[in-house]
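Some notes on the structure that comes next.
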Amino acid sequence: MHYITKITNFSASHRVFNPELSDEENEKIFGKCSNKNGHGHNYKLEVTVCGDINPLTGYAIDLKILKSLIEKEIIEKVDHKNLNTDLDFLKNQIPSIENLATAFWQILENKLPSGKLYKIKIFETDNSFVEYYGN
Amino acid sequence: MHYITKITNFSASHRVFNPELSDEENEKIFGKCSNKNGHGHNYKLEVTVCGDINPLTGYAIDLKILKSLIEKEIIEKVDHKNLNTDLDFLKNQIPSIENLATAFWQILENKLPSGKLYKIKIFETDNSFVEYYGN
Amino acid sequence: MHYITKITNFSASHRVFNPELSDEENEKIFGKCSNKNGHGHNYKLEVTVCGDINPLTGYAIDLKILKSLIEKEIIEKVDHKNLNTDLDFLKNQIPSIENLATAFWQILENKLPSGKLYKIKIFETDNSFVEYYGN
Amino acid sequence: MHYITKITNFSASHRVFNPELSDEENEKIFGKCSNKNGHGHNYKLEVTVCGDINPLTGYAIDLKILKSLIEKEIIEKVDHKNLNTDLDFLKNQIPSIENLATAFWQILENKLPSGKLYKIKIFETDNSFVEYYGN
Amino acid sequence: MHYITKITNFSASHRVFNPELSDEENEKIFGKCSNKNGHGHNYKLEVTVCGDINPLTGYAIDLKILKSLIEKEIIEKVDHKNLNTDLDFLKNQIPSIENLATAFWQILENKLPSGKLYKIKIFETDNSFVEYYGN
Amino acid sequence: MHYITKITNFSASHRVFNPELSDEENEKIFGKCSNKNGHGHNYKLEVTVCGDINPLTGYAIDLKILKSLIEKEIIEKVDHKNLNTDLDFLKNQIPSIENLATAFWQILENKLPSGKLYKIKIFETDNSFVEYYGN
């Protein structure tokens, strides 16, 4: 079993806040991340798939195909977007990297041409990241 | 003469568009960067100062002081903000890294405790940056 | 279950040697790392915590709180220090990254406001690191 | 148990193709990676070993010894080489990072002076890597 | 005047040798870089253009256009290629980064839609690079 | 004229203080950098040389030779050392990166086999660096 990872990037804005809370509560919990006009990040997304080597190709999964899948299913939808307002699959969710990772897992889980989704890793900054294994 | 650089980071959102143009013209010129609900970046800011070595300290400029100055005058104002709406010094300007670099130069130029401002460098992504030397 | 990581940095000096061995034995085992006047590194520390998403915040753990905890409990104690002489919690231990990781685990294990400590990772240089999972 | 990793680098060329397939089939499967005159990469190799701390040294494994082993057994053989033609241990294999990782595992598995081989990780570019745990 | 840089990447193989010298002389001068079957690198290319800010756009040069130009004129020609055999514009030249930088300069110099070419910078590895300013 | 750069690394400890000042004055000026038992860094050193391309080799300077020179003249002397006590060429100087850059310039200036020394750049951390051009 080999674990293969493709790294891609996207830039998006968000405001981290819970609409069911008051402004004061949001400010207290989320601090500057709840700035009303939003802020943004260059996100780095790492998708890891596992599988056995196909003797025809020497590949566990073809990284060209994995990259195309990630770009079509995720990057085109989130790059240069506002995560609070522009994405159907994040509607009514706080756009934290935890919720993003869960949403990306659900999108990719059944779309893989070969191999099995193993991990979603998202960096929000160079110093903060989440990892999610599907449960 | 030694050239001393301090690197800092901030996260902000923006929409790149010219309010004097139509939506179609903005879309044509700026593409996805003009998305109406904005997007964002982790910006990296490099400030370079030059000066002669002070024999008392061995420093051309004290990086602790330079860092405090950059944080107070720039980072606190732009981090976790919307560059279109939240900054007085960018009012009526398109929030490109060129205009940001010019604005940061004007803010820092006369505030240095020692040394002389030499360069402002801003990365918008890992693959795109501007350098500005004050003229 | 989501795994959340915060990365921080500190700069410290150390001398890697066993005081119960002779100078010749230390030189033989540790080479230039046992230089009598010490040497130093910029260490990178990654602390990973796991937990379920809190629906109120969208967070498994609040990275602001995790960062404050790491800075108070670890960075303030080790940054710009000599690991052989300045730290009570490393007394009588060889300051290897293995022993550092174990010590940091013990410090953080019971201090987390939410979530559960999962991993301590320490880079000594860009090319060498340790990972520790608590046992 | 601590997990210790040493990172090394090598530069090599390869052509990704299956000699049992026609040129058209290779072009269809491997695209530009099957360019007849080859192309190349700066590979990054991470070798992870696990073990208990030796109280004499504070080390789970001596990174100087691990580095020497990796350089002698792997880097000297693959650096500045053509992976299709210059390596006995890759003969008759497609030089994918999956097959490289498997081959490196077999080379190192029984050569470790202490500790136990845990993982081989190979980056082919900054954005693509494989991880292999020996089965 | 602002200086704008776009960073792109390509992977290629080469053999560094002078066909007018004997094998022994090539081996003596170029060492392992003259390995007969070649080796390869992930090259990083930084193209810097300078110009005044266009008040209509806030840009000195549109990075989307600069990126398209670099990809069309350079990356498509050199990525996943053999620099000794596959490139007309390097015919009869030793494929060093110095000669690559000169060739890229000549390709881009007169093709810029706005702004003026200022610098070509090429990394051959993370630790080696050339900079060229056109003369 | 091409500018060629080789990047190397070393790890060293230092204490930033002026022995002619009192402990209180040192603490006031240098803060935690003057900790009596010292601290340390992984330094990154970039040496840039300029010259014309030698048509025999395609090189402005042979990076293998430049690397050997830097390793022999600088890295072997400073790596895993204490900059305050172990280096003759820094005797009676405050071990700031400004003074290090000046000292390295003086060491390398007349030792180059070809080309001309253009710049010394030293990173003390990922976020702080000095550049020196010899005057």
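Read from first to last, the chains carry the letters A, B, C, D, E and F; within each, the first residue is number 1.
Everything that follows uses one rule, which is that a residue touches a chain if its C-beta (ideal position, glycine included) is under 8 Å from a C-beta of that chain, and two chains touch if they have at least 3 such contacts.
None of these values were measured; they are calculated from a predicted model.
**Student:** Which contact partners do chain A and chain D have in common?
**Tutor:** In this structure, the chains that contact chain D and also chain A are C.
**Student:** Which one of the chains is farthest from chain B, going by Cα centres?
**Tutor:** When every chain centre is compared against chain B, the largest gap points to D.
**Student:** So which of D-E, A-D or A-B is the twin of B-F, meaning more than half of its contact pairs are the same residue numbers?
**Tutor:** A-D
**Student:** Taking CA centroids for every chain, report which one is farthest away from chain C.
**Tutor:** E
**Student:** How many angstrom between the C-alpha centroids of chain D and chain C?
**Tutor:** 29
**Student:** Using the average of all C-alpha atoms in each chain as its centre, how far is it in Å between chain B and chain D?
**Tutor:** Once rounded, the distance between the two centres reads 41 Å.
**Student:** Hunt down the residues of chain D that sit against at least two other chains at once, touch-wise.
**Tutor:** Answer for chain D, listing residues that touch two or more other chains: 126.
**Student:** Which two-chain combinations qualify as touching?
**Tutor:** Per the contact definition above, the touching pairs are A-B, A-C, A-D, B-E, B-F, C-D, C-F, D-E, E-F.
**Student:** Inside the complex, what are the residues of chain C that reach chain A?
**Tutor:** Interface residues on the chain C side: 1-8, 48, 53, 56-60, 62-64.
**Student:** In the complex formed with chain D, which residues of chain E make contact?
**Tutor:** Going by the criterion above, the answer is residues 9, 11-14, 32-33, 35, 37-42, 79-82, 84-86, 125-126.
**Student:** Where on chain B does chain E make contact in their complex?
**Tutor:** 16, 18, 21, 29-31, 93-96, 98-99, 101-102, 126-133, 135
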